[in-house]
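Order as written gives the chain letters A, B and C; numbering starts at 1 within each chain.
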Amino acid sequence: MKKFEWKSVLALALTGALALGLTACGSSDNGAAATGSNDAGSKAVYRTLDEIKESGTINIGVFSDKNPFGYVDENGEYQGYDVYYARRLGEDLGVDVNFVSTEAANRIEYLQTGKVDVILANFTVTPERAEEVDFAVPYMNVALGVVSKDDNVITTLDNWNADDSIIVISGTTAETYLIANYPDIPLQKFDSYATAKEAFENGTSVAWANDNTEVIAFALQNEGYTVGIPSLGSADTIAPAVSKGNTTLLDWINDEIASLGEENFFHADYEATLADTYGLDYEDSLVVEGGKVTAQ
Amino acid sequence: MNWEFIGKYLPMYEKAALLTVKIGVIGILFAILLGLVCAAIQYYKVPVLRWIVAVYVELSRNTPLLVQLFFIYYGFPKIGIRMSAEVCGVVGLAFLGGSYMAEAFRSGLEAVEPIQNESAISLGMNSGQVLRYVILPQAMSTSIPAFVANIIFLLKETSVFSAISLMDLMFTAKDLIGLYYKTTESLFLLVVFYLLILLPVSIVGSLVERRMRYAGFGD
Amino acid sequence: MPDLGIDVLFKGTNMLRLLQGLWVAMKISIVSILISMPLGILVGVLMTVKNRFVKAIFRVYLEFIRIMPQLVLLFIVYFGSTRALGWNLSGEVASVIVFVLWGTAEMGDLVRGALISIPKHQYESSEALGFSKIQTYLYIIIPQTVRRLIPLSINLITRMIKTTSLVLMIGVVEMLKVAQQIIEANRMSSPNAAFGVFLVVFVLYFFACWPFSVLARVLEKKWN
C-alpha cells in the first residue's frame, strides 16, 4: 500500500513536470518563431522557388470536399476551380503537383509548418491571416452568405431565436465574422465541408453560413434550399497563400497570375469548373483576372 | 507561451471539459448498464438473446468509435433516425462501452469456480443469496481491473466526439488553432485539461483496484 | 426498399479507392506494430529492473502515453513537433510516431505483466540448476512469457487498426476521408449516400479487425 502511493505521487509529479517541460519547449519556441517571422530565412520552414523546382514536386493544399472549388471525383482525381489553377501553376513551374487535402482550420498551420508550399483552398484574404501567411494577388471575389431551407428562409440575422443554431465550418471567415458581430447566435461548428453539409441536410441547424460562393453553389446543386442572405460582411477576395517570408515563391506567383490575365485564364477556369453550377451569370462578378480587382 | 491568451480562453476549455465529462459519464453509465445486461444474458445462457449479444459484442469491439459515430450521426438520418450530437455521443459511447463492460463482467463471473456455487448451495443458501454473498463479491473483485481500464479507455475515446461537432476539449483546441493560430497555447491547455480529467480517475482506479484484491482466493 | 446510396460505390473507381483508404490505415498500423513489438518487449523487460530511477522514468512515460487520448497525441506530434522541434512531419509519419509511442507503452505493460506473472520459483529453480541469467531468460522465462503474450499482442493489433481511424483528423486521406469525398462528389445524384457508404466503411473496418480478435481468442484458449 505504502509503496504504491509513493509511486503514484511520483508519477503525478513527473507527469506534471513533463507538462511543464512541454510548456518550456513551447515558450522558447514561440520566441524563435516570432523572430523568424521578422527575419525571413533565419528559421525557414518553407521551400524557396529553386528548392521546389529542384525537387520536381510542389505541394499544394486544396480542399477535397468543397465542390465545385476543390473536390475529388469518382476516379479519385482532384477537380474544381482551385485545382484547375493549381494544375496550371505546376505546369508553368515545370513540376508535378502533389495535392494535399486540407480542412479550413488547418490552412495556416500547414503553411506555418511547411507541410505545403502553397494553399489554394478558397482562402479568403483577411488582415489577421495576412499577419501569419503571405497572400499573393487575388483570383476570385467572395463575401459571406447564409443558406437555409425553403420552408424557413433566413433573410436576416437580427432578432435571432436563441434556440436555433447556424452551422459554420471551423476556421472559416464566416466563423470569425459571426463570433465578432453576432456573438449571441449559437454556432454549430464542423471541421470539414463534408460533415457540415451532411449535418445541414440532416436538419441539424436552420442555416449554414459560409462563403457566399459556396452557399450559392449548394442552393443551386441541391433542391429545397434558398440563399436568404446572399451577401454579408465585407467584400473580400480569395488568393493563393505561401508561408510568411517565402518571397521567391510569392513573387513568382504574382507574376504568374498577372501574365495569366493576358490569356483570360481564370475566365477559362470558371467556364471549365464553375459554369456547370452557376451558369455564366456570375462569371464577371466572381472572377478576378490578372490579380486586379475591378470596383463593383 | 501567451498567458493572456490562455487566461482569455480558459473558460472555453472549462466549458468543453464539462461537456466531455458530462457526456463521458452518462455514456459510461449506460455502457455499464448495457454491459450488466449482456453479461447476465451470457452468464445465464439465455436462448436467442445470447446470440444477439454475441453478435453485438463482436460488432462493437471490432469497429472504431469514430466510424460508429459517423454512421449514427451522418448515416442514420438518411433512414429517418435523427439524434442531436449530444445524444449521438452518449449512444455511441454506450454502444462501444457496453461490449467492453460486458466482457469485464462476464470474465469476472466466469472466474468464480462452480465449486463455490455448489458449496454455497449445500450450505443451504438460496440462489439469490449465492449471487449476493458468494458470486458477486468475487466476480466484482476479479473484474475491477478491467472495469477501471474500460472507464479510462471510454473517457479517452470521448476525444473523437469533435467529429460530430460536439464542442469538447479536442474541438475547442482545434477551433482555437484555426481561429487565432495559437497552436502551442491551445495544445498546452488541451493536455492540461485531459490530465485534470484522467489522472484522478487513473489514480483512484488503481487505489480501488488494490483495495478490492481481498478476494484473491488461495493466492 | 429506400435508396440507401450503396450504388455510388460502384461508380468509377470508388470502391477501389475506399479499399485503398483502408490500406493506408492498415499500413500505418502494420508498420507501427512491427516497430513497437520489439521496443515494447525491451521496455517491458527494463520495467522489471530493480532500479528505482529506471522504473520511475518508464512509469511516467507509460502513464502519460496511456492516459492521453491518442487523438491528443496525434495533435501534439503533428502540429506541435514542427513548432517545438522544427520537424516537418507528414500526417503518415506523425501517425506512425504516435502509434509506436503508444504501442510500445501498451506492449511494454503487457510484457511487464507477463514477466511478473511468472512465479518466482521459476527463476530460483533455474538458478539452482546452474543456469546463468541469460540462460534463465532464454530457456525458462521467455518461452512462458511469449505464450501469455501472443494473444494479448494480437488484441493490441486490433486496437491499433481501430485507432488508425483517427488519422483522418490530422489530414491523412484514409478510408473515412475517402468516404466523405465520395459522398460529397455524389451529393446530387445520391443524397442518401452517407448511410450506404458509412455502412460499408463500418463493415470493412469490422472485417479488418475481426479475424485478429478471433485468432487471439483461439490462441488464448489453446494455450491456457
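Here is the rule we go by: a residue touches a chain if its C-beta (ideal position, glycine included) is under 8 Å from a C-beta of that chain, and two chains touch if they have at least 3 such contacts.
Predicted model, so just to flag it, every value in this text is computed and none were measured.
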Category of the chain touch graph - line, ring, star, complete, other: complete
Innermost chain, where centres are averages of C-alpha coordinates: C
Chain pair with more C-beta contacts, B-C versus A-B: B-C
Subunit A-subunit C separation of Cα centroids, rounded to whole Å: 32
Whole-Å gap between the CA centroids of subunit A and subunit B: 36
Distance between chain centroids, defined by C-alpha means - subunit B, subunit C (Å): 19
Set of subunit C residues in contact with two or more other chains: 63, 67, 79-80, 83-84, 169, 191, 194
Residues of subunit B touching at least two other chains: 74, 77-78, 162-163, 174, 177, 183-184, 187, 191, 195, 199
In subunit A, residues with contacts to at least two other chains: 15, 22, 26, 29-30, 106, 109, 112, 191, 195, 198, 201
Sites on subunit B touched by subunit C in the complex: 58-59, 61-64, 66-68, 70-71, 74-79, 152, 156-160, 162-163, 170, 173-174, 177, 183-184, 187, 190-191, 194-195, 198-199, 202
Of all residues in subunit C, those that touch subunit B in their complex: 2, 4-5, 63, 66-72, 75-76, 79-80, 83-84, 158, 162-163, 165-166, 168-169, 176, 179, 191-192, 194-196, 198-199, 201-202, 205-206, 209-210, 213
Contact set on subunit B toward subunit A in their complex: 1-2, 73-74, 77-78, 82, 85, 162-165, 167, 171, 174-175, 177-179, 181, 183-185, 187-188, 191-192, 195, 199, 203, 206-207, 210
Touching residues on subunit C, where the partner in the complex is subunit A: 8, 11-14, 17, 56, 59-60, 63-64, 67, 79-80, 82-84, 86, 88, 90, 169, 171, 173, 177-178, 180-188, 191, 194
Residues of subunit A that touch subunit B when the two form their complex: 1, 4, 8, 12, 15-16, 19, 22-23, 26-27, 29-30, 104-106, 108-109, 112, 132, 170-171, 175-176, 179, 188-191, 195, 198-199, 201-204
